[in-house]
Amino acid sequence: MTIRFDKLGVVIAAIAAYAALVAPFATFRANRIVPGEARSVLEALPTAVGPLLLAIVIVGALIALLKTPLVLRLAASVVALIALAILIGIAGSFLTPAGNTFARISPASGFWLLIFAFTLLLADVLTRLNLSPWARVGVLVVAALAIGLLLISGQWNSLSILKEYANRADSFWAEGSKHVTLALGSLAAAVIVGLPLGILCHRVEKLRAGVLNVLNIIQTIPSIALFGLLIAPLGWVAAHVPGAAALGIRGIGTAPAFVALFLYSLLPVVANTVVGLAGVPRAANDAARGMGMTDRQRLFGVEFPLAFPVILTGIRIVLVQNIGLATIAALIGGGGFGVFVFQGVGQTAMDLVLLGAVPTVALAFAAAIILDAVIEMTATKRRVETA
Amino acid sequence: MIEIEGITKRYDETTVVDDVSMVIEPRTIAVIVGTSGSGKTTLLRMINRLVEPTAGIIKLDGKDNRSLPGYELRRSIGYAIQGHGLFPHRTVAQNIATVPVLLGWDKARIKARVDELMTLYQLDPEAYGPRYPHELSGGQQQRVGVARALAAEPNVLLMDEPFGALDPIIRNKAQEDLLAIQKRFGTTIILVTHDMEEAVHMGDKIAVMDAGKLVQYAKPAEILAKPASAFVETLVGASEKPFRLLSLGRVSDAVEKGTAEGEAIPGDASQRDALAELLWSGRPALPVKGEDGKPLGRVTVDGLVKRAARPA
Amino acid sequence: MKAWLPSLLRLLLVVLLVAFVTNPGWFQPLLKPLTENGAPAIYNQGSLLTLTFLHLRTVLIATVAATIVAVALAILVTRPAGAEFLPLSRSLVNIGQTFPPVAVLALAVPAVGFGEKPTLIALFLYGLLPIFENALTGLTTLPANVMEAARGAGMTGWQRLTKVELPLSAPIILGGIRLSVVISLATATIGSTVAAKTLGEVIIAGLLSNNLAFVLQGGLIVAALAVLIYDGLSAIERYTARRMGQETA
């Protein structure tokens, strides 16, 4: 029997080998902003635990390297990821000198590369398993629960990112809810305005090019500029329109961020509505009219259901884009996770940057998986045959 | 009865349908033939007002078709669209139920009607009702398209090249099914096609269109015998004429006295089939049997050849 | 009379843009009303021309690098030898797009420090995705009969790639590059939060000193650049699509 290698496995094994043996596993810093000192796997973990991790990584890498059954690869990646997640916490407590509250331990490049390598393996297995939409959402929920459990258990409390969190627990949740409100609220507003606008553009050809061009140009304005430019008009509205200020409309803060996100969101919603409606088979539309449907019945009974997956794709683009863009709101006092990112960049405190960036990426990632699943569920039954 | 009086449709400066007048008798099939782009579809769609005419009137049973809103008119007229046009997001049963639902029939009645039509078209309601159109074969999709058009028991059925995309065997079957259903329900059918063979086979009368004009509207035999113009002549196909003429007649009308050797041909087969069988088997005559299997006499090559000659 | 209107508008935009970045002083009266307390109306901490040039240079470098890597990767995973990577690469692109540019930018800083480098990395990574995705679409949706014909004509794998597959997918790949450039032009402004020299500097200076004139001029220059480059690349794309005998939407 000849030994056969898995091509992706070669890449994964190479990354894992470099990460485990050469790159530093954790970084130790005497306080928040001084440069760190690297610690290898064996240095960062207690005597028995370091070799254990190395063993897990080596076995995992071997399983990835050789052509092995999917179940085995799944097990290897999950075990390795769980081990990494637990052991980085142990490294945190192990490296922190007793009673020292200034020292900071953070995961270093070796840890991140190992996570990357085994996530790659896991992603490959999950892709090859070709999971149903429900199963994908299920995997997401399980992963979220596992991370939540680790957080609640305090396993990671000795890590610097959670020390940053501990200092800001209140504002973290406040900014987080602002972030979500901004992203979801502007999406909702864009759907409420964009859907009818898209339908109008579909029906009235003269309007279409004009509206889409304007929305396209809005998209080319850099986000920080658009956020900034809205300060003036909204400031004017707050000062001159009675009741506006009471509604929370201000020149600076959440209002311009909300409006900017709303404006960015319009294009994908309107454009996808137009594309979706235009993609409704001519014959289906014709048949609907021929059967005696009124325009309303045709819109809600035929055009809309058939265009729905495409419209949802637009909504997915908007949601993922908004979750990312909402970080920029912090620059104009709009709040959100961007507050930590920009504070961190300003103080060269990378743990603070991570405190803002990690939840943002996690949110966007979860939104993408959930909406992809929903799109697939709505699209399968409505598959439009191409005749 | 459908009366089309001086109907014209212009798009900008181009006249697509040009002053067409014709009367379609109740419970008959009128077939519109013509080359592609001659305005057949447009003419058909003016009957249910999917297209509004530029000039002229269309009356259904004496009533102007503009006397009620377009969508109500269309609910009362069956329409089988070119390329079936099934709703891809609705099941077969939901597709067939479209017009009954629009008309507000109660659930039990809709279900009964859907089951009846599906059974009529040899689609098991249990097995095929919950399927989506893309899970059916081309022939099945076409049958569902026609079933949907018939769902609300319309007196008038418009069909735009309904059999165009089917292979010859399935097409023949679909044509026979349609003829049977037309007899059973007495539906008035207007059928558009570019296939002269189909027109001769299906039509009580044939309307030939050329560049928006109705050039001839007559019984198939007359179209074959006396084409009104060179265009009709080409459309009929000069070399096909005698065979098409024969295809209109039944063997029972060509029976002569006497007997012949070999397997008997049924009396309701077409004369064309009989001639083909004679030529192929190299025999001068074939025995003919009635529906009850009793011998009726025989058909001969000579007799059929005479019938294939241009009528006086 | 309608046909030349867009060209004229574009020309006007080019003229205005060039005039603005070379001689911003001319536009002072227009921007003055946006400032308060006698603040300067025209960016005065550096030359707009230099910043525009640096901005474009950053985007260009990142886009060229992203194009080379993305197209090479797409070719790799669509060859039989790399086919194993195809499904995974699709998932990775999907995952990659969920990383907000700001996060990529901020996370690059610890690795490479402040300045142009993190911006280049963020633009490169973020620019990869649309190009890779489009290249993949282009290379995997070639008409089967054309590919059959190419094999039937006796072309080698390399000949098929360079003479049939790449030329036929060129319009789609160009579409990806266009998307990538427009995203990069806007994202490069965020680079100024980590001290990269781009037009974002003007906007951020405006935000910090509450000077709307700065925000406006920085934003408008980037938007004008984006519109012009978008149009230019669309024209090239249409031209190639016509050359390849494809309909353009």
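Chains: A, B and C, in written order; residue numbering restarts at 1 for each.
The rule we apply is simple: a residue touches a chain if its C-beta (ideal position, glycine included) is under 8 Å from a C-beta of that chain, and two chains touch if they have at least 3 such contacts.
Predicted, not measured: the structure shown is a model, and the values here were computed from it.
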item	value
Contact graph of the chains (line, ring, star, complete, other)	line
Chain pair, A-B or A-C, that carries the greater number of C-beta contacts	A-C
Centre-of-Cα separation between subunit B and subunit A, whole angstrom	59
Intercentroid distance (Cα basis), subunit C paired with subunit A, Å	22
Overlap residues in subunit A, where contacts from two or more other chains coincide	none
Subunit B - residues contacting subunit A, complex	48, 50, 71-76, 79, 81-89, 98-99, 102, 132-134, 148, 165
Subunit A contact footprint on subunit C (complex, rising order)	34, 82, 84-85, 87-88, 90-92, 94-95, 97-103, 106-107, 109-111, 182, 185-187, 189-190, 193-194, 199-200, 203-204, 206-207, 212, 215-216, 218-220, 222-223, 226-227, 230
Subunit B contact footprint on subunit A (complex, rising order)	281, 283-284, 286-294, 297, 302, 305-306, 381-385, 387
Touching residues on subunit A, where the partner in the complex is subunit C	6-8, 109, 120, 123-124, 126-128, 216-217, 219-226, 228-229, 231-232, 320, 323-325, 327-328, 331-332, 338, 341-342, 344-345, 348, 350, 353-354, 356-357, 360-361, 364-365, 367-368, 372
